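Labels run A, B, C, D and E following the written order; every chain starts at residue 1.
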């Protein structure tokens, strides 16, 4: 899983029926190595928020029992990342 | 999920039976980092249109209950991408 | 899905039982960005032919009801790629 | 699977219900090619420890019978890596 | 699928229960583009041998009916790779 920032959203009138009613958000990864992409939102994230997202088929688990054809989902809103020294 | 443009289509007479009757479209990703690839079309997209696509096994969900051996599917036709400021 | 050319084949006497009887072909991607790899053949492709292949778990769908531990399958023999202008 | 080092953890109050009660750890891959990422912990790993992790949907197998929307899991704590000469 | 060489093995006392009893081998891909990684062995491969491996969830198919949280498996020992001219 990785952390990114929500940039905006995508509007598509014609789409797969399983995407109906889902919010499609543009997300910019914070590691700066990958370009922005589009993810379904399962937690109510908004523009400017820092979010935890997952990619791959497991992203669709956030929408079970529906089988949603998406490969990226926002699964948390980040409060804090704590570095631990040992 | 990512956004791309439809460039054309691929013709294959000999193919996996689960691909019979499916349109195989050439898609160019708009982020410019990846080369063009081939995706199945689940929404009736045409050449020149800007589309939302997904990759990986979840792409095949757009064709359930068939188990289609494809790793990319067009799942929406893009109307607009809205950047939100906060 | 992507397009590649068949270069040859791989022989392995000791292998996973689910690979028994499957042809393992060496494939060179035509986009030139990735090195050659090995794929199972579901359509009877031969050396020198231009093929459509898919990667990831969905590749194994071409061999259902067997659960074949492979991540790449040849799913079509390419006749033509048509660029469409609009 | 790959080997990495645990750097710290991520706190998210609002998250997918299937992530509730799971520890989300920041992991730095030891091969130095990929940036740090976030993984669920299935073995009780702590900061500074060297861990074996897996990515992709199979990461969620460590949490069955729950369907956890995560694409990375820590599945072992590394004692030793032995190079064998032959 | 790709071809690599077995370098050694990894020892982890604390690990996911589904990895118990499995050999975890270090593998160096022969294409030279990717760093070494760790794979489960389903065929009895040893150090120095050239092996065929698969990655992704389908790697776990080699260990069914167990659901093993691994994303790479050795599925064959390579005897020969034949280039075919046409």
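Note that contacts are C-beta pairs under 8 Å (C-beta built on N, C-alpha and C of every residue); 3 or more make two chains touch, one makes a residue touch a chain.
If you're wondering where the values come from, they're calculated on a predicted model, not measured in any experiment.
Novice: Measuring from the mean C-alpha position of chain D to the mean C-alpha position of chain E, what distance in angstrom results?
Specialist: Averaging C-alpha atoms per chain gives centres 19 Å apart.
Novice: Report, in whole Å, the distance between the mean C-alpha point of chain C and the mean C-alpha point of chain D.
Specialist: Roughly 31 Å, centre to centre.
Novice: Enumerate the residues of chain A that touch no fewer than two other chains.
Specialist: Within chain A, residues 56-57, 59-60 contact more than one other chain.
Novice: With chains as vertices and touches as edges, which is it: line, ring, star, complete or other?
Specialist: The chain contacts form a single closed ring, each chain touching exactly two others.
Novice: Starting from chain A and stepping next to chain B, in what order do the chains sit around the ring?
Specialist: Traversing the ring with chain A first and chain B second gives A, B, C, E, D.
Novice: So in the complex, which bits of chain E are touching chain D?
Specialist: Within the complex, chain E contacts chain D at residues 6-16, 18-19, 24, 26, 35-39, 46-48, 56-57, 59-60, 67-72.
Novice: Using the touch rule from the top, collect the residues of chain A that touch chain D in their complex.
Specialist: The touching residues are 1-3, 31, 33, 42-44, 52, 54-62, 64, 73, 75-86.
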